[in-house]
Amino acid sequence: MYSLGSRMRFHLFGKSHGPHVGCILENVPLGMNISMDELKKDMDLRKPKDGIGTPRKEDDDVEFISGVKDNVTDGTPILMLIRNKNVDSSKYTSIPRPGHADLPAMIKWKDHDVRGGGQFSGRLTAPIVAAGSIAKQMLLPAGVRIAAFTRSVGSVGDDDARNINDAFVSREYATRACSAGLDDLMRNEIMSASKEGDSIGGIVECVVSGLPIGFGGIWFNSLDAVLAKAVFGIPAVKGIEFGGGFGLTKMKGSESNDQYQIENGIKALTNNMGGVVGGMSDGMPLVFRTAFKPTPSISKEQRSVDLSVMKDVTISTEGRHDPCIVPRAVAVVEAVTAIVTADTAICEGLI
Amino acid sequence: MYSLGSRMRFHLFGKSHGPHVGCILENVPLGMNISMDELKKDMDLRKPKDGIGTPRKEDDDVEFISGVKDNVTDGTPILMLIRNKNVDSSKYTSIPRPGHADLPAMIKWKDHDVRGGGQFSGRLTAPIVAAGSIAKQMLLPAGVRIAAFTRSVGSVGDDDARNINDAFVSREYATRACSAGLDDLMRNEIMSASKEGDSIGGIVECVVSGLPIGFGGIWFNSLDAVLAKAVFGIPAVKGIEFGGGFGLTKMKGSESNDQYQIENGIKALTNNMGGVVGGMSDGMPLVFRTAFKPTPSISKEQRSVDLSVMKDVTISTEGRHDPCIVPRAVAVVEAVTAIVTADTAICEGLI
Amino acid sequence: MYSLGSRMRFHLFGKSHGPHVGCILENVPLGMNISMDELKKDMDLRKPKDGIGTPRKEDDDVEFISGVKDNVTDGTPILMLIRNKNVDSSKYTSIPRPGHADLPAMIKWKDHDVRGGGQFSGRLTAPIVAAGSIAKQMLLPAGVRIAAFTRSVGSVGDDDARNINDAFVSREYATRACSAGLDDLMRNEIMSASKEGDSIGGIVECVVSGLPIGFGGIWFNSLDAVLAKAVFGIPAVKGIEFGGGFGLTKMKGSESNDQYQIENGIKALTNNMGGVVGGMSDGMPLVFRTAFKPTPSISKEQRSVDLSVMKDVTISTEGRHDPCIVPRAVAVVEAVTAIVTADTAICEGLI
Amino acid sequence: MYSLGSRMRFHLFGKSHGPHVGCILENVPLGMNISMDELKKDMDLRKPKDGIGTPRKEDDDVEFISGVKDNVTDGTPILMLIRNKNVDSSKYTSIPRPGHADLPAMIKWKDHDVRGGGQFSGRLTAPIVAAGSIAKQMLLPAGVRIAAFTRSVGSVGDDDARNINDAFVSREYATRACSAGLDDLMRNEIMSASKEGDSIGGIVECVVSGLPIGFGGIWFNSLDAVLAKAVFGIPAVKGIEFGGGFGLTKMKGSESNDQYQIENGIKALTNNMGGVVGGMSDGMPLVFRTAFKPTPSISKEQRSVDLSVMKDVTISTEGRHDPCIVPRAVAVVEAVTAIVTADTAICEGLI
């Protein structure tokens, strides 16, 4: 359940309430030098910034327990631990919070402790980002680069095409927007929801450049299929679309088909397919968008049920929550994409 | 690559150009009586109807080679064969068709024969539908029902909420729309594209009722994650969203959260989550939408490249193509959903 | 359950009582020319010969339903069917035969039909041999050769070291012994048991030459571990040992260790390890022995229980049985070894 | 590579030379109370005792980093760490030790550091024993008990049948023999080898009682097949046999077949099959023997090659080695058996 990958295997563990979260990354090549600077940058990318996220503070220092010595991999499984400093001190509850995993978790496992989200907590995305950073470093020498950015927050966003360089620019802005103007607007959207004790959703877009034509599998091992599975593993994701995505459903084939021409080999004139046809790369940048719902934790009053007495109640979720998860989710989308891509690259002999 | 499932395993094989397509379905319980009537209905659901699909005629009779005797499973792997009667007689080509898997397939496997789509052909969805029919029959005694319908074709469609019964009604209409009015409009949209030598996309919506609260896994085994992987295995899929999906990204948490009340146990007041939170069922109907791109085969002229001489060329794809794949894809979306759900149901001890 | 392999996947199906047995072999490289002569030789190797096996006659013609055209693989899953001509016509019974899978099968699945062995039947080893033949043909260009022979039947056999060429010589003899002398003795042993209405066990030894140093995995993916799993999948196997095997347990380390010297690179002076240390090839021929119990079907009277009335009874198994399965098992041991080795070779980039 | 299990997953990590070894055990049921006393007993069972093993001292305290709180499982993956206190301080070498994994490891991964056995070290069996202890505790309430003992050391041993209670008695003796008399003889055998700077092999026998008839899979998921794979994952294992094993190869079917009678249900009169037919339990105790080669590390001089200069050399392995690994391997065989059995029990709904 907590695993990804076929040849490079990723295993996640931990919960928000325990002392640590962490992961194992298996089958990373022997002798790889891991840049701890890059790792720190990626971990920082996931942290709330400039007051638009949760005030909960976590160092997110990654401790290598096994598999890495003096920053170099030794070919054995890599065990990473990240300490939980700021553990939720709320009390045990029998009232499921709307929009959370609480209800099914409480029904499925009696006495399930949902404080802080338990094993569903976004806190577990920290080790995902750590593993993704290593995966990105594995891919870079093969010319494969991965970057995500915030495409929209609530109704704020545009439809401009963005390439991998634009995506990297977004690191400069707290909202991970691609421009200062959008960053301002998105920040306002988030702060406005926050002030009302509410939250807001948004879209993360991810770009992968440098994949060779033919990269990926077919049918149920299609590159888009394995990516979709990994992306839906991220909490709060409610949709994914590649290239033109749902917009393609309103098009004619003569509009949507990416036609080919000769240009340093063969190249598509457009990228409506988002770089993937028949489950494999067509040589264009891989582009997909991921829909994140609004953070379910809000202080506004909501209806729920006290399961211990089966009575209607109202609740409001106090505490330190991100009013919009999207800016932090950018790092997580990048990470799962990197893990899937590196695993596929090993299968295909690219790395 | 050609497989789905963890405990009930599905293995696909064949290509459009060979004598057969088919599949193996492993670990179906011993002694199950398979309704051949239901199977035929499901196979018919995938056939083009009333002149809005390809004129290619296939009987799609399912031959049980192993694992079933006198319509009863014997507990061993079920091998099903479906004959290809109407094999493509086009000539070998070195020109990739835009929007198809041709380009990556030709580059990855030299001399790859793309006639009729090869192993990427929609023809392989026939055995998927056959296996899905058995999966649906496995689920029915547990009270789980699955039905899909056409939500939109091009710009034609509405936003009305539809339940499982509405979805079943769509079987009456050739476009698999939920009403006679929509069926007419969609048919016009398809015929109009067809007359221009063009094609059109659309959206399939799928509903699963009867899942118990807590059904599904977490993280990378989330119910939505494994469904997304299976759905992206279907050719021409470019997006998937659960419940409010991409629409949720513009909402506030106070709007999107499904609040709970007591009503025959506990029940959500809305279904923005599409029946899944934290990767598990919340007891509401599972609802998701799948974006299908326009059929890439069109007779309109398009630019491509002749790979054998690396020269720019133009092509038009003559032949017998569905101008809109959506009405036939309804059966396929149902089928992969059934396969994934039955496999999960076995893992969870539901069946 | 019916599958082997991680990248080259093998899926088995069928039962002795149905019209066919067969298998799927997935991920065999595109464009490989399959020698049907070699395939026929391998299928013949599994047939009873010169009156020392069952009089049941089967052609064992392999029909390629999918994945192969004009003897050349097309890169899609290969489906092979083998017809059962000579189906068991015995009556349904509620009395488990000693030494067979009958008892657990009858208890686990009520009304389980054990005639002819059902899905446990040695008949299913025919498609294993077919897949193994393709695997051997995949390995040959990489210099990897696989051959097995009969090491002993009952008490007849010797302890002489045998190399891959000796193993190939055994094809000339009906018992698959390595010499005419042993063949005579083994034949007598088998005929003597047969005349008494009894059966006899024996040992199959298998040799793999040409594996590069380092070939294989570690811990639970050790080459010996994955081979052992595959070999115990063969009916009637009760033991496996590599190199000196159980004999090593009586040795001192100074006797058992294979010391190294320079000889065209590095080479071990002995092969007590059977070519595998730490789960990987040490460059010496891989050598292992497999223990086959006597065929459980005998016409001598035995005690059993009629499960329908829970009464003690005696039975004798009439019919066409091999008094010794070992000569035919040689082909099967070779085949599973080839499947595992080819899969590992793909994982390691050797083929 | 480092994993076992299909539904209860086990992932191993670490090396002898690093600060820790450990493992993850995934899908242990929520709310299980882990007896730390039992865990300590199992860890102690693996420790050298009474001077017949290595003088290297390790506490082998198991630290639960995640998944267990106040000795109770929380349903998330269990991460266990065991500190390496006594790290090998030998120097880097380019001379492979005979009988070790050194040669293939050095050739496969250049600059591979083989000190202390690296990732092949028996040190990694400590977390296997820890996970096995939890697995045994999972099985006990279902009436399934597992115990192993030393069947032989060198030429010392007998052929008496031993049941599960005899096996438990062996815990009293340092050699894990089943009687004081055998313990004395085996101890002498070990000390005699030790004094010569040599080592000695032996056989571990394992008994599992309480498995219901039908427990296990078929073909490549046979109970014996999955056990064999796990057992060959243990370093130094060179053979495995179930029940009569290799001895069955010299028998007639009328001798080897376990006949049935009515006795509290149905029961076999003998247990030549070792409790498994057709891959499933026949209700008799599961019994198998595992061959361990002599410890490869000996101080006697041996021939090898210095790979850095490709010259013949002689070496002797100084240091703290077990002259016979068998007494300590008893705990490890028990552990992998428990992990495989618990995983199968989950798949079959037994626990």
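First chain written, first letter: the chains are A, B, C and D, and each begins at residue 1.
Just so it is clear, a residue touches a chain if its C-beta (ideal position, glycine included) is under 8 Å from a C-beta of that chain, and two chains touch if they have at least 3 such contacts.
Just so you know, these numbers come straight off a predicted model, no measurement behind them.
Chemist: Take chain A out and leave the rest in place: which chains still touch each other in groups?
Modeler: Leaving out chain A in thought, the network of contacts stays intact as one piece.
Chemist: Among the chains here, which has the CA centroid at the largest distance from chain D's centroid?
Modeler: B
Chemist: Between chain A and chain D, what distance separates the C-alpha centroids? Give it in angstrom.
Modeler: 40
Chemist: Please work out the Cα centroid separation of chain A and chain C, and write it as a whole number of Å.
Modeler: A distance of 47 Å separates the two centres.
Chemist: Calculate how many whole Å lie between the centre of chain C and the centre of chain D, each centre taken as the average of the chain's C-alpha atoms.
Modeler: 26
Chemist: Which residue numbers or ranges of chain D touch two or more of the other chains?
Modeler: Residues 1-3, 12, 119 of chain D touch two or more partner chains.
Chemist: What part of chain B is in contact with chain C in the complex they form?
Modeler: 1-3, 9, 11-15, 18-22, 24, 26-27, 30-31, 65-67, 69, 74-77, 79, 81, 109, 111-113, 118-119
Chemist: In the complex, go through chain A and note every residue touching chain B.
Modeler: Where chain A meets chain B, its residues are 1-4, 12, 96, 98-105, 107-108, 119-120, 124, 152, 154-155, 193, 196, 198-203, 213-222, 224-226, 228-233, 235, 237-246, 248-262, 266, 268-269, 272-274, 277-283, 291-298, 300, 302-305, 307, 310-312.
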